[in-house]
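Below, chain A partners chain B and then partners chain C, in two separate complexes.
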Partner chain A sequence: MKRTIELNGNRYEMPAEVGNVEELLSHLELAERIVIVELNRDILAKDAYDKPINDRDQIEIIHFVGGG
Partner chain B sequence: MSERYSRQELFAPIGEEGQRRIRATSVFVLGAGALGSSGAEMLVRAGVGRLSIVDRDIIEWTNLHRQQLYTEQDVVEQLPKAVAAEKRLTAINGDVNVTGIVIDVTTQNVLDLMDGHDVVLDATDNIETRLLANDAALKLGIPFFMGACVGSYGLTFPIGIKEDQPCLHCLLETLPSQTLTCDTVGVISPIVVTTAARQVADMLKYVTGTPFEPKLESADLWTGDRASIGVASMKKSGCPSCSENAVYPFLSARESMKTAVLCGRDTVQLSWPGSRKFELIPFADSIQGTVSKLIHNPHLVACEYNGHRIVLFRDGRMLVHGTKDIVTAKKIAAGLLG
Partner chain C sequence: MLTIGNKTFNSRLLLGTGKYPSFDVQKETVRVSESEILTFAVRRMNIFEPSQPNFLEQLDLSNYTLLPNTAGAKTAEEAVRIAKLAKASGLCDMVKVEIIGCDRSLLPDPIETLRATEMLLDEGFIVLPYTSDDVVLARRLCEMGVHAIMPGASPIGSGRGILNPLNLSFIIEQSNVPVIIDAGIGSPKDAAYAMELGADGVLLNTAVSEAGDPVKMACAMKLAIEAGRLGYEAGRMPERDYAVASSPMEGLVTN
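Let's turn to the complex of A and B:
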């Protein structure tokens, strides 16, 4: 089943192998980073990253970086 | 009335009253690298009353593509960033009381440095110093405008504006063992300017008394990704940095030699506590026969030694270029300083 979500303001076709938020973070190479994730306008707690991602979900991810 | 700020005063949300408030503002800029250059220039042009800018580093060729206050001549003269920044910012707006301070911000000096300012612009290049500044600003009750960027990506968040909002410590549930740096992934100037612009816009809103809701915001200028998250729910009631019973854990550390691998550079910094004093001219004399390309000015001594370029600053810090290995750097310091 094809799922199209909005990721950080852009249209994003979900890869077939990505089912939940945790897998999305790995796919985006953010698994090792400190991130804050918002799913459909609610901040997700770390223990809720196994939540499945559905078609038309709206996700925002902000990761912390060091530079400046 | 000076015409200088007329276009800024014509902007209705600022107006003449807003301009007076900007003028009455004293800003502390933590870092004179990329974000510090860009943010400080905007603030000085906007007409703040006083601006202090602190930095531990000297200007390098690798800085010039993004650190807008500096010139080729500054690199040739090996000027400390804070010295060159003060000179350039004063030339831009002589009405602003600008002070550049060449110093490494540590647990021992951060409160003294920051005290007496109204707002803090975060322009540091590493997360440890950012958390130290978060604690210091919260303890002093000064709003702290966080900003960070690498690659084409940057993020901002204003801290200490509203009681119900989290601090940086609340947001970082666990401390990162390693963050992305300009060393590992590079950086482009457009994201520097964008990130600094957001910090300064929030700061101007704050100092002119414009109510606004603090948001954690990010932008990636290469991919077009952007995010804006209201993070009030992440405020921790027992946060050691911002709760009623705060202990400011990042402000306490024992006095000892500190080491750091610098962002974006193949360089180790060694710094000694204030109790160890360095006299530059005797030091330069003592190493004359040992090193090559020796130069010194009132701020520092620089030389080459065992294939490394070494810079010793008056405030008791040494930069060892050409290595990321702290032990190698310590050996070199021991070799030159005993």
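Let's turn to the complex of A and C:
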């Protein structure tokens, strides 16, 4: 089934092989990076990365950048 | 020693991590500064260019305490959201409340800052609000139970130094938590002055990152903060209106 999500504010077609957040991070080559994930505006704890991603979910991938 | 919450630091220089000419320069700047607290911003990742290097990921995080800011927030609720995101990294429990109330001057919104501070304290954060140099606001924040208070010297990135030393000295005098002068520091003399006023620390970014030689300036700031602190602890001589000779007036060899 085709799933379209909103990923960091952009429309994103989910690849068929990606089922959950952990797999999405791997697919985006972010598995080893320091990131924080929000799913539908709720912060997702790291032990909840196996949560399946559904059609029309909203996902934000956040990180730290330089700042004062 | 500088104590914030349950953590103790040898360095009184808190360093921002924005706008350095390169990661190599930044790494050397951080090293030379001997800072133990580094500020960061929290942002949406550019996921379609994940190979972009990230400074934080290049640091040995066992050597540093991260102080994420809430820059970008315009309301208390937005600031709390950003703070919670930062904490969810598992890397930090401190937060610099930064809620801008004026796009041109980047001066903080005192009302939203107060509200966010209360909410974040309730959530158990170690809270360091960036505020204006308003004495009463600073007192209200202290009474609320903040872990440090961070009044600005002058607008962020302006490099204009300390515009209201009297207010800052009132804030320092009345505060029962560390006072860190944040924003507006332009040169080592400003940093030394802040410390001579009795500040517990200085937070700066642009003064170093935009310096001709950031590494050398980081060293200068470190020394200025140490010198200012020593001078404060030593207690300066009183100021007078007229001269007082340093050499004895007895035994003059002139007529």
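Points worth noting:
The definition used in the following text is that the second predicted complex is superposed on the first by the 63 of 68 C-alpha atoms of A that agree within 3 Å, B and C clash if a C-alpha of one lies under 4 Å from a C-alpha of the other, contacts with A are read in each partner's own complex, and residues count from 1 in each chain.
One rule holds for everything that comes next: contacts are C-beta pairs under 8 Å (C-beta built on N, C-alpha and C of every residue); 3 or more make two chains touch, one makes a residue touch a chain.
A quick note: this is a predicted structure, and the numbers were derived from the prediction, not measured.
In the superposition on chain A, contact is made by A:67 with both chain B and chain C. In the superposition on chain A, contact is made by A:30 with chain C only, not with chain B. Of the two partner chains placed around the shared chain by superposition, chain B and chain C are both touched by A:46. On chain A, the patch touched by chain B and the patch touched by chain C overlap at residues 7-9, 33-34, 36, 38, 43, 46, 60-68.
Those residues of chain C that touch chain A in the shared complex are 16-20, 26, 39-47, 50-51, 54-57, 66, 68-69, 71, 84-86, 88-91, 156-157, 183, 203-206.
Against chain B, the residues of chain A that register as touching in their complex are 7-10, 33-34, 36, 38, 43, 46, 60-68. By the touch criterion stated above, chain B contacts chain A in their complex at residues 31, 33-36, 122-127, 147-150, 153-155, 171-174, 176, 179-182, 187, 195, 216-218, 220, 223-229, 231, 233-234, 263-264. Within the complex, the chain A residues that touch chain C are 7-9, 28-30, 33-36, 38, 43, 45-46, 60-68.
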